[in-house]
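As written, the chains take the letters A, B, C and D, and residue 1 is the first residue of each chain.
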Amino acid sequence: MNSKVMNLIDAVREIPDGAEIAFGGFAITRSPVAFACEMIRQNKKDLNIYQPIVCMATDMLVGAKSVKKLSYGGGSLDRFGRMERINEAFENKTIDAREFSGLSLTYRFLAGSLGVPYIPTKTLLGTDILKNLLDKKDESVMISESPYGDGEKYVFMKALNPDYAVIHAPYADEKGNVLIDGPVWDLELAKAAKKLYVTVDQIISNEYIKMHPEKVVIPNVYTHAVIEVPYGAYPTAVYKMYDYDSDMLTKYAKTNKKQEDFDLFIDEYVTGTSNHNEFLEKCGGISALNKLKADPVYGYKKVWGDKYE
Amino acid sequence: MNSKVMNLIDAVREIPDGAEIAFGGFAITRSPVAFACEMIRQNKKDLNIYQPIVCMATDMLVGAKSVKKLSYGGGSLDRFGRMERINEAFENKTIDAREFSGLSLTYRFLAGSLGVPYIPTKTLLGTDILKNLLDKKDESVMISESPYGDGEKYVFMKALNPDYAVIHAPYADEKGNVLIDGPVWDLELAKAAKKLYVTVDQIISNEYIKMHPEKVVIPNVYTHAVIEVPYGAYPTAVYKMYDYDSDMLTKYAKTNKKQEDFDLFIDEYVTGTSNHNEFLEKCGGISALNKLKADPVYGYKKVWGDKYE
Amino acid sequence: MINMSNSKFTTNELMAVTASRLLKDGQNIVVGLGLPQVATLLAKSTHAPHLNIIFEIGVVNPESVDTGVGIADPRLWYRSDYFTSFIGSLGHILQRGLVDVGFLGGLQIDKFGNINSTGVHEKDYFRHINGSGGAADIASYSKNIFAIAKHQKRKIVDMVDFITTVGYLNGGATRENSGLPKCKSIRIITNLCVMNFNNQLREMQIESVHPGVTKDQIIENTGFDIKFAGDLKETDLPDDNEIYLLRNVIDPKKLYI
Amino acid sequence: MINMSNSKFTTNELMAVTASRLLKDGQNIVVGLGLPQVATLLAKSTHAPHLNIIFEIGVVNPESVDTGVGIADPRLWYRSDYFTSFIGSLGHILQRGLVDVGFLGGLQIDKFGNINSTGVHEKDYFRHINGSGGAADIASYSKNIFAIAKHQKRKIVDMVDFITTVGYLNGGATRENSGLPKCKSIRIITNLCVMNFNNQLREMQIESVHPGVTKDQIIENTGFDIKFAGDLKETDLPDDNEIYLLRNVIDPKKLYI
């Protein structure tokens, strides 16, 4: 009760096979890579993942055959490439993929985090996204008429309070107050989850929070576990902390094109290492990390032109 | 388009008699007193006011006979006293008073600000608040069953996008990005309004906002007008800027007990002055204001014990 | 520690201590100003250091050092962990189901735990006094409701003049039947006794009587035929540490105690 | 100013300029990466300095100085006015009805302006490529939809393989009949022409043809029998200032133009 601090291995152990999990992260930013790698090391199976926009960690989990069902609103590795492990699993039907839009899936979390049964919205109407969800009898969606007699049609996005959520943030205190600079697309899913796990690059004092409460985006009432994993989102970016590693993302976007290449990658980098520090060593270690240090004003690695490089 | 800056007199002129207005402020904090006083000077009539928790400005408008209908969730002048002008108008039925709870009325604004038709909630069920609203056939509320066949009952709080909203904030830039330190109970109504008027103590540069985007709680897309009125919430408090004036609030809480005393107060302080600076002079001027300066850490006037007073 | 029997305490101090002991460590509490806040801060200073305190105005876990006049007073926001909106506090936290105890006051409380904070019937009109604020919301969604009140015939009544916040409505399962979420327990702490609703009818009953208070005193000051629990107890005495903290740390200006 | 006839420009530059001129000052734009962003920044640097730029990820009015790889790249968040959540950007701003233009890309666009960004039918399977992201939401709620696309037979099609985002659905009033809010206008800017849907059927038609492009070229590169507007125009030429800004200020590394 005193402290919500856990270590990564124990935290991941709490998550059973088949767990219903919402993931934070967005493409190449704040992806909970360290958490996902540890899930792969612990050989989690049959996960039921929800994520408004998928990120690198999710593609890894799908490629590692940890995922049974994925509800998501699309996503890519930005210009580095595509979510090829997800795309292939989708095409081969090796996972049960349920496609949404970013907003519609987030509404399930908003409803869950507000304690209301659903949010009535018009988004998805007319799309094949909705058609497919209705065909699959996905419980998320229901079409209904306005109760005000104006003939308006709505999609009810049903509240979802996932058993677990996993997000990565730069900082939290040991009580579980979470600080994030920049956009917070994953706020609603974090607040909806029954157990929120937050990997952070650094655990900071509550005293800092008392001085800067405006920086807290998730107060401790939502947080189940705070897990300190420096560079826990590497090779994706954490705004104001470190940049994404273009070299490593380029490499990943090559290996994720074919399952056999991906498997070799996982063998070497994930199951071939016993923790995130070893993973970081494998990826280039301190010298790779030093190149990513974010400028405190720009929030990413600022390149000063040839003469400084 | 370039700038959303207006002066107070012109801004208030835009608001017609009978206007539907949501008010910010909460009891003795960030009450838009300067705006309300100017409305009284311009002799606005038949206003239709919505406010989750009423503040001093609202009691003044009701006492000045500017209000025809008030939908609110209660409120007081904290330990200074009660909203006696509102209470008397409620009792004498000189206004159409519709009572809600703070959350339920705020849900009307949340729905409006989200562009959804209503929010289904359980709050108000079983209360005499709901009973009265249903008896009055208030459009805000409708009782309905869960669409999921689980027999659950909900109150649908209908979306409201009021024609106008008026809030007070310490700072905004001329584009209409609004900064508020501390709690922001009035965020939803600000985002729901068709035209948001923000009185601010100071207009600051957009450059400051670029350095501290995390301090912006209302981005400029919502803002219709930014009106610089230093001490525009006086005698109520603006966190980190100035404290409430206990003397003045004590005086107000005496005068608002009886209509004749209140009328004398308005004659002297409001209609007897031509602008907010004159109002401030009447209330004690610079020497009164100097006593209220908030300590930058504590956020209110810190009293350092007898030896410093 | 000093021997307990040396303690002298006021009734307000006893109420604060009694309420404080009902709070458990780690709970999330939505609390109003006055004795509820004093009791919560005392719990936090003693057996429950990890309470999370939430004010409906949008303030989480402040550590005030000066006494304020209400939750709109910035004195009560000092050293907060988090600031949010009404929806943030009463929606995303309270209605989300994360609040263990909603700690309220009120003008009247009735035998089914319903609370009136709106107004009272006078001879020929309804005198409007305050309104719900967040109280109706808090009582709808908190897992447990605590209230502190003065024990007077016109305040502890058979039926409140106006149901601002629902306790057990008309008793039994009527609260749930109205559509509201279940409420695990309601506790009323007065200057005479502690009351609960731990029976099938969900009807108010005396759980413990404050030291020196007689059953007759309670009966006389209650607006209906109040029941006494089978296992009626005497309220535990405050200890010296609690009294010390109340007087010297939590409410040194004696605004509430 | 330099004489316009001296300008040489690429097709991408023409597309960016053409799209940019369709934006009006003071509008709120939800925009994706690539040419849409380039066009929006150009408008902001010329005739529309008070555009508000919104990224679905939760970023408002950034002023980037470095080119990013996508909206998740912190390079695109530099000097923002405001950061928010998905609900903050696509709920409270977009669905609230405050977005004048949703500016999208896509794999395929069909004759009723529906856009596919999910995947395409291959011989014996559906090749999944990306998905909606915020695109379905943006097309549902923006007052106007702009899209930039390559003009190829397999991209400008009779019917998209998958309706990720609804334009005019099956034409006429079918969009509104499906329950969606009205869409005032859709504009498609390609490397060959600008297309609108300003007719009763809400069917794609050529509004203006880029200089040097022939009708036959357009017909050949369109996957269905495309119509030409009665008042068919030639697309206006970029001016030197626009070309200067594109090359030297907005995309000096020529990542998109």
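Assume a contact is a pair of C-beta atoms (placed from the backbone, for glycine too) under 8 Å apart; a residue touches a chain by one contact, two chains touch by 3 or more.
Please read these numbers as outputs of a predicted model, since none were measured by experiment.
Without chain A, the rest of the assembly holds together as one piece through touching.
Common partners of chain B and chain C, by the touch rule above, are A. Each chain gets one centre point, the mean of its Cα atoms, and the points for chain B and chain D are 41 Å apart. Chain A and chain D have Cα centroids lying 28 Å from one another. Shared interface positions of chain D, defined as residues touching 2 or more other chains, are 83-84, 87, 91, 94-95, 141.
Contact with two or more other chains is made by residues 114, 116, 121, 152, 154, 181, 214 of chain B. Pairwise chain contacts present here: A-B, A-C, A-D, B-C, B-D [touch as defined]. Here chain B touches chain C in the complex through residues 26-29, 52-53, 72-76, 78-80, 82, 86-87, 90-91, 97, 99-104, 106-107, 110, 121-129, 152-154, 181-188, 237, 239-240, 243-244, 294, 298-300, 302-303, going by the rule given at the top. Residues 25-26, 28, 49-50, 52, 54, 60-61, 63, 79-84, 87, 91-98, 141 of chain D are the ones touching chain B in the complex. Residues of chain A that touch chain C in their complex: 1-2, 112-116, 175, 177, 191-192, 206, 209-210, 213-214, 216, 219-222.
Chain A meets chain B in the complex at residues 114, 116-121, 142, 144, 146-148, 152, 154, 156, 158, 181, 214-215.
For chain C in complex with chain B, the touching residues are 33, 55-59, 65-66, 69-75, 77-78, 83-87, 89-91, 94-95, 117-119, 125-137, 140-141, 162-166, 169, 174-175, 178-181.
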